[in-house]
Each structure stands twice: as structure tokens, then as C-alpha cells.
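In what follows, subunit A forms one complex with subunit B and a second complex with subunit C.
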Partner chain A sequence: MATEQASSIVVRAAPASGWSRFPRQTLALLRREALTELRSRETPVAMIVFAFLVLLIFSFAFDLRSDTSPEVLSGILWSAIFFSAMLGFGRGFSGERERGTLDGMLLAPVDRSAIYLSRLLSHLLLMFIMEAAALPAAALLFNIPVWRPRLLLAVLLGTVGFAVVGTLFAAIAANSRARDVLLPVLVLPVSVPIVIASVEETVAALSGPSLLPPLPWMRLSAGYTLLFFILSMVLFEHVCEE
Partner chain B sequence: MTAEPPTAAPVVASEQVSHRFQAGAVLRGISLQVQVGEHVALLGPNGAGKTTLLRILATLLRPTSGQVRLFGLDPAASSMAIRRRIGVVAHHTMLYPELTSRENLRYYAGLYDLDDPEPRVQAALAEVGLAAKANALVRSFSRGMQQRLSLGRALLHEPELLLLDEPDAGLDARALDLLPHTLARAGERGAPPAIVFTTHQIGHAAELARRVVVIVAGRLVFDGDIRSLDSGRLAALYGAGPGGN
Partner chain C sequence: MAVLAAPARRRASDATSRNGWLLILNGAAALLVLATLVAALALTPPERVEGNVFRIFYVHVPLAWLMYVAFFVVFAASALYLWKRSDTWDRVARVSAEVGLLFTTLVLISGSIWGRPVWGVWWTWDARLTTTLVLWFIYLAYLLLRAYAQEGGQAPRYAAVLGIIGFVDVPIVQFSVTWWRTLHPQSTVLESGHLSGSMLATLFLSLIAFTVFGLAIFLQRFRLETLRDHARALRQQLDDEEGFA
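Up next is the complex of A and B:
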């Protein structure tokens, strides 16, 4: 049809332009996510407990001493962060789909990238809360100097990168019946560059006193994260389709 | 508020719409038109394809073949403009149990980017008889109360097309009485919305609509006045289709 016709006599709400609507809708989504998580507390508590258990199991398994290599300590720390983050990713979109509330979002005139962005921010918030508990636990169990700025920068970069990738694949996995199995199968291989860069940055942070992170790894992590973020914002519309 | 010139375009115009899932075809060549303010009941046995048709009309699904136009617009090209004008009540209430009824409606008012949402939220709660429960958590609500709040959610942005998937399911007697009144009041505020709803009860269909469409095994087998359809003829239609029971 060459021309689009509108049938109604009265348009009951004047639509705001997409650009002015986007931040308000993203904020509405984020506010609701924060409120539901705050009230239920299920996901952050599960993530914290899981991260703590991973650290505890490694501490028993390796009988770690003060002279344990930074490579091993870095691997343990990131195993705890990545695996407990998967727990958070798995509950977000899947829970919305099971409860039918995902349809509520998709039925509304909301830009799909606003849904992605709000969920990404929510995942980041959950990961930061988990890390705020896991890092002191790691310091106690493994004598890791977690408060070094260089280490915190490595954790920040790795967290953002993993959340960017994980949020996209959590939405894809939520469309499948085998979502619990599919999510780690999708996320972990694609996150390998983030995992390697995060581990290497952390090794460097634990090894030396320098405040500067190893630039090539930092560039890899930041570049990969930015690329995936742009791809996710563009592709999310198609990810949401049944 | 802006006004658009009235046109003859129907609210819903589907032409030879078919849909297929992995398990097989669910809809087979459905052609249907719904005019402004018209109420249409969709009847059919379980698995007939009623919900799939509603999901296509709600822009949640794209048909495998055929064409759908809503308000004269192509859903693939104008999904945002269409979604703004549609309200949906489905099997799931689309409500968050951890939030109060007011918080739930405020959230949806935010998604629809409504100006000055608080009076609308209050009015919607009053319309579905839940004003006194505005600050109660939805998890404490009965199924019937949740379904009423879901109706309030769907009416919040004053849609021009209401799609109701078994709105009578889980409703108690009071809520069942409330349903036609709430829908009638929704029409009093402005141009009355067109309503397409599914039900298994021919009696409930007659309360809300004059026109009935019967779908059996994905095919439209009847489209006409509900007065010409009694339970005996309906049973015969159900039995006549390949998936009839």
C-alpha cells in the first residue's frame, strides 16, 4: 500500500519523539527492575552465596598458600565472578518470559534497545553487588590485595564486558525451552576474549605495583565490549521476535 | 493532543493469514475485518488457533503468510504507532507480584510514556474496583483481582483496539459482572474501542459482542450474528472441523 492510513478520529495520546521517549522508558524499566529485585532479593542473594561457595571450594581444593601464583588467584576470582553472574543472567529474561511480563514490555511502544539497556544496567547492578561481597571474601580466603586501583579497574572492565555479552545471550536463550542449558553454552564461548583479557589484567594487577594496566588487554576488553554493545543495541529487536 | 482525519480503514484487516509453528500449521488462511468500535467474539475449541491469531493482531507474532493491517498500518513498518493504540489482556496478567497495584500501573504508564500518569492510574484502579487496594502487593491478590487489575492495565492508555484472551477465565462472579461495565465505560471516555476477545462460553460471548467468529483447526468456519448461533450449531461446527472435539 502506497500510503499509510490511520483509521481513528481521535488520537488519544500525542506520541513523543523516539529520542525524548527513550531515556524515560529506559528509566521506567530500570526502576521497576530495581524495585522487584529489592523486594524479592532472590537473585542478588543467590549470586552472592554462589560466588562465596565457588571461592570456598577453590580454597579447600587448592589448599592455597600465600605464595600461590597470581595466575591461579586471578583464575579463581574470575571463575567466581563469571559463574555467579550466569546465575543472574539466567533469571532475568527467563523469569520475565515464564511470568508473561516480557509480553507486557513487548506490547508497549518501547524501543527494544531500551529493554536491552535497562536489563544490561540491571545485570551490572547485580554483578557489582555480588562483587562487593565476593572481593572481600577473596581477600580473606586468598590474601588477595583487592583494593588496588589497578585490580578494581580490571574487575570493572571485565564486569561490563561480561554483562554486555551475557545480557544479549540471556535474551536469546529465554526464547528456548532448554534455556538453562543453552545460556552457558552460548555465553561462555563468546565471552572468551573478555575472560582472557580480564584474567590477564588481573594477573598484572596482582603481580606488580604499577598503577597502569597492561594496555593491549585493556584495549581488547574495551573494544570487544563496545563492539558487542553496538551489535546488541542494533540486533535486539530481532532477538525479541518469537 | 492531535487529531487525524477519519478514514474508512478498518481497525483490523487480515487477509489469508496463516501461521505455522514447528509442530505444524496453527492458522490456515484467516481473513477478518473489524471496524471501529465493533465487538467480535472468537470462539473455538482448545488448540483452534484463537490465541495465535490474537498474538498476531497484538504484533507479538508475525504470520507465516498472508497480510495483516491494523488501523490501516503495516505492523512490520509501524509497530510503535500500532502498539500505542492496542491494549491486551492475556492468560498471563503481565503484572509483577512484588509490586503494588499502583506501582504496576505506574510502570506501564511509563512504558506508554503517558503524560500526568497518576490521575490515569487512580481512574483505572477505580474502574476495576481496586482503588482501595492501590497500595497492596499484587502477590496478595486472588486470581480474579489480578485479572481485574490486568484489565485496568490494558485500558490505562485508552487503546482503540482491545484484545482479550479469555478475559472471563479465573474471574469470580463479581468480576464477571464488572467486565462488560468496565468495557462500556472505557468507550464513554472517547471513541469506543474495538474489542476482539476469545472465550469458550457462548453466553459470555453474547454479553459482550453481537458478532461471533468461530475458528476450528486454524480455519474460520463461521462469521456472523451471534443470535444465529446456538450451542447445538456450535457443537456441529466444532465437530465439522478436522480438529474438532
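Up next is the complex of A and C:
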């Protein structure tokens, strides 16, 4: 049963002592996440397809041509990434099944923050897989130079920042009645700074050739990510309790 | 549970609307707001640039102040709830969120009404308006989270987490939106000129008046929620007892 599987995976990791305990727990949990999420391949595929569709719809919505401005292209790219991410986060926690496995994990002697961290890492993995497909597609369709280090760094920062708050709220929304609708309602207002920062960094990356994104926006992304990562690690315990 | 133990301490007057202190507070709020209206409409001169339209300032600014206060109370009560696990703090948080949403809505509406004659448009995406709109959505998310929560003790905890995260986010949102707007400036900007003596006094009066008003509204709502929680607990108690019969 899922519960026993989950706690057995984690108990095997538990014997280590001291500093190595937390990383080992996290890795064990991550292995479990990866096995369940990626084995079925539903979620990554759905995310990729959805990202493509968003790009397609936006091309109709804005009548994009080869001379479209970086601002518009950046917005479209990030819309695809963020909406697809929320789709993925929402699917990862499916209510009933989740309660069973979560109870299993809570029975085992793990830090609650290890659960959050493993969730976060699995969500990041999902997002990176989706972006690995969406970015080349965007490069092809809109003729944008996605292979610049600057743009890739911008995408990386935005992804991590969004996943940090998205994971916390996904755990919260999973246990409510209208979880698919509630997740965007919770995540989007709070993620406004990272949305703005990511879009602005991408605009700069698309407009000019230099190596690093404009420092202020990068600082905002990094600061936001760090702050909410710490906050989420601390608060996740309250989300987990029964 | 604290709620079930409380009935023994309730006084009869709490059940009626004639709770003495609340009446006095309501009366004081009404008088002060009336005084503010008189001062704002009749006793202060029209503003140099905007004329009489400016008078909405004396309502708009205190409402904005109340909006921030309410949001802070949600944050503080959420943190206290997670720490102490007392139902009262949870009640303070959700009442404050509801009242705060009301004030935010009024800020947006009054700002729009002010903006139309002054700027020519109902809305502009300048930094302050955008940030207020985001704040509105965060409040709304809080209330929707509570509304869509499944039965069980989780909703207060989840809401408390959102209350804390939302509040911490507000200065960051303010900062990032302001930055974004300085990059892409728009033509209409709210000018804050100097206020003359009587205008300053009226503003001061309006701040006090609306604070009292806000407190009165909050306490009324809080009392209502307390009674509702009571009723719910008693009903639960009855259901449990009937289960044995």
C-alpha cells in the first residue's frame, strides 16, 4: 500500500545521524516523489502540451509576427510557464491518495521541512522538463534566441521563485474543495514580484547581448526566493498537521 | 474546548444588540464620521488644482490606512493563532480579513471615482493602484480559502499561513511594482501637494474618525462571529448528544 511504501522508503533513510539526516530524508522522499510522479508520465506530458497550447493561443490572441517586441514575447513565454506550472502543481497532490501517503510520511520520523523540500525539488524537476520542451518551441515559433545564458538564468530564477510559493500553496489547496481553482487564486497574487522580475529579466535578455541579467531584478528574484523559501520551510509544519 | 466552556461566562446582555460599550462606540463613530463629512465638505477650502473633487481625499486616505491596519491585524492574529492555537485569534484574523477586504474595495472604488475627473480614466496601472489591487486579491484569496476548505480543523491553519505569507509579501509587491512602473512610466501620476492648515486638520480628524468607525465595524462583526461559533458549537453538542439517544 502507498502508505507503507512511503514510510518504508523514509525509514530506510532515517538511521543516519547528525547533519546527514536531513539531506538523506529529503533524498529518500524525493525518490518517492519522482517514482510516483514521473513513472506515470501523465503530469510532465500534460504540462508540456498545455505550455504549447498557451503559446499557440497567445499567438492568435496577439497576432504575433517576426517583429514582435521583447516585452510581448517575454510575457507570453512566462504565461505559458506559470500556467503550466500551476497545472502541474495541482495534479501532484490529489486529495485522497495524498492524504494516505502523507500520513505514511508523517508517521515516519521525518522533518516536515524535508517533505516540503522534496516536494519543491520534484516540482522543480517537473518545471524544468516542461521548460526543456517549451523553450525550444518558443524559439522556433517566435524566433527568439533562447540559448543565451542570460535568458536561461532568468528562466532558472523565475522557475525556482515560483516553485517555492507554488509548492506551499499546492499543499494547502490540495485539501480544499475547489482545489484546481483555488491554487491559482492563492499563488498568483503572492507571486506578483517574481512574475514581474522574471518578465523584466527576460525582456532584458531578449533585447541586449550582455551576459548577466540586469542586477536589480536578479536581486529581487533571489531575495524573494530566499525569503519565501525560508518562510515556507518554517510554515510547512503547520500545513502538514492533522 | 474554549468555545464550549465559554457559555457559562456569557451575560444576557451580550445576546442582545444592546451591549453597552458597543453602542457607545457606534455612537462615537457616527458622530466623528459626521463631523468629518461636515469638515470635509463645508469647512475646508477647495484644493488649488483639483477643486472640489479633491474632497474625496478625506475619505480615501483613511480608508487606505484602515486597509493596511486590517491587513496587519490579519498577520498578527495569524501568527498568534499558529503559536497559541486559540480560536479567538483565528476569529480575529478572519473578521479582520473580511473587514479589510471591504476597506480595500472602498479604497479602489473611491480612488476610481477620484481618478475619473482628475485623470480622465477610471483606472491606470500606476504603482499604487496596482499594489492595492494585488492586496485586494490576497485578501480575497484568504476568504476563498476559508470558504472552500473542507470540514475539519485545517482551514484556520491554512488561512493563518496565507495571512502571514500575504502580509510579508505586501512590501515586496509594493517595491517590485513601483520599480516596474519607474521603468515604464505612465503619464498620470498622483500628485501629493502641500496641505494647508485646515486641510491638514480635517485629514487628522478623518483619520481618527475612520479609525473609530473601523474599530466599531470590526467589533460588531467579531461579536457576530463569536455568537455564530457559539451556535455552531452548541448545535454540534446537540448532534453529538442526539447520537446517543
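Rule of thumb we're sticking to: the second predicted complex is superposed on the first by the 215 of 242 C-alpha atoms of A that agree within 3 Å, B and C clash if a C-alpha of one lies under 4 Å from a C-alpha of the other, contacts with A are read in each partner's own complex, and residues count from 1 in each chain.
Everything below uses one rule, namely that contacts are C-beta pairs under 8 Å (C-beta built on N, C-alpha and C of every residue); 3 or more make two chains touch, one makes a residue touch a chain.
Here the structure is a predicted model, which means the values were calculated and not measured.
In the superposition on chain A, A:A197 makes contact with subunit C only, while subunit B stays out of contact range.
Applying the stated contact rule after C-alpha superposition, one finds that A:L182 touches subunit C and leaves subunit B untouched. In the superposition on chain A, contact is made by A:A108 with subunit B only, not with subunit C.
More residues of subunit A are touched by B (comparison of subunit B with subunit C).
Within the superposed three-chain model, A:V165 lies in touch with subunit C and out of touch with subunit B [touch as defined at top].
When the shared chain is aligned, subunit C comes close enough to touch A:L231, but subunit B does not.
Once the two complexes are overlaid on the shared chain, A:P216 sits against subunit C while remaining clear of subunit B. With both structures placed on the common chain, the touch criterion links A:E241 to subunit B and to subunit C.
Applying the stated touch rule to the two superposed structures, the overlap between the subunit B and subunit C interfaces on subunit A comprises residues 241. In the complex of the two chains, the subunit A residues touching subunit B come out as 1, 4-16, 18, 21, 24-25, 27-29, 31-32, 35-36, 39-40, 99-101, 103-111, 241-242.
Across the interface of their complex, subunit A is touched by residues 1-4, 6-11, 36, 55, 58-62, 69, 71-74, 77-81, 83-86, 88, 90-96, 98-99, 103, 107-108, 110-115, 153, 157-158, 160, 190-191 of subunit B. By the touch criterion stated above, subunit A contacts subunit C in their complex at residues 165, 168-169, 172-173, 175-178, 182, 185-186, 188-190, 192-193, 196-197, 200, 216, 220, 223-224, 227-228, 231-232, 235, 238-239, 241. Residues 82, 134, 137-138, 140-141, 144-145, 148-150, 154, 157-158, 160-162, 164-166, 168-169, 172-173, 175-177, 179-180, 183 of subunit C are the ones touching subunit A in the complex.
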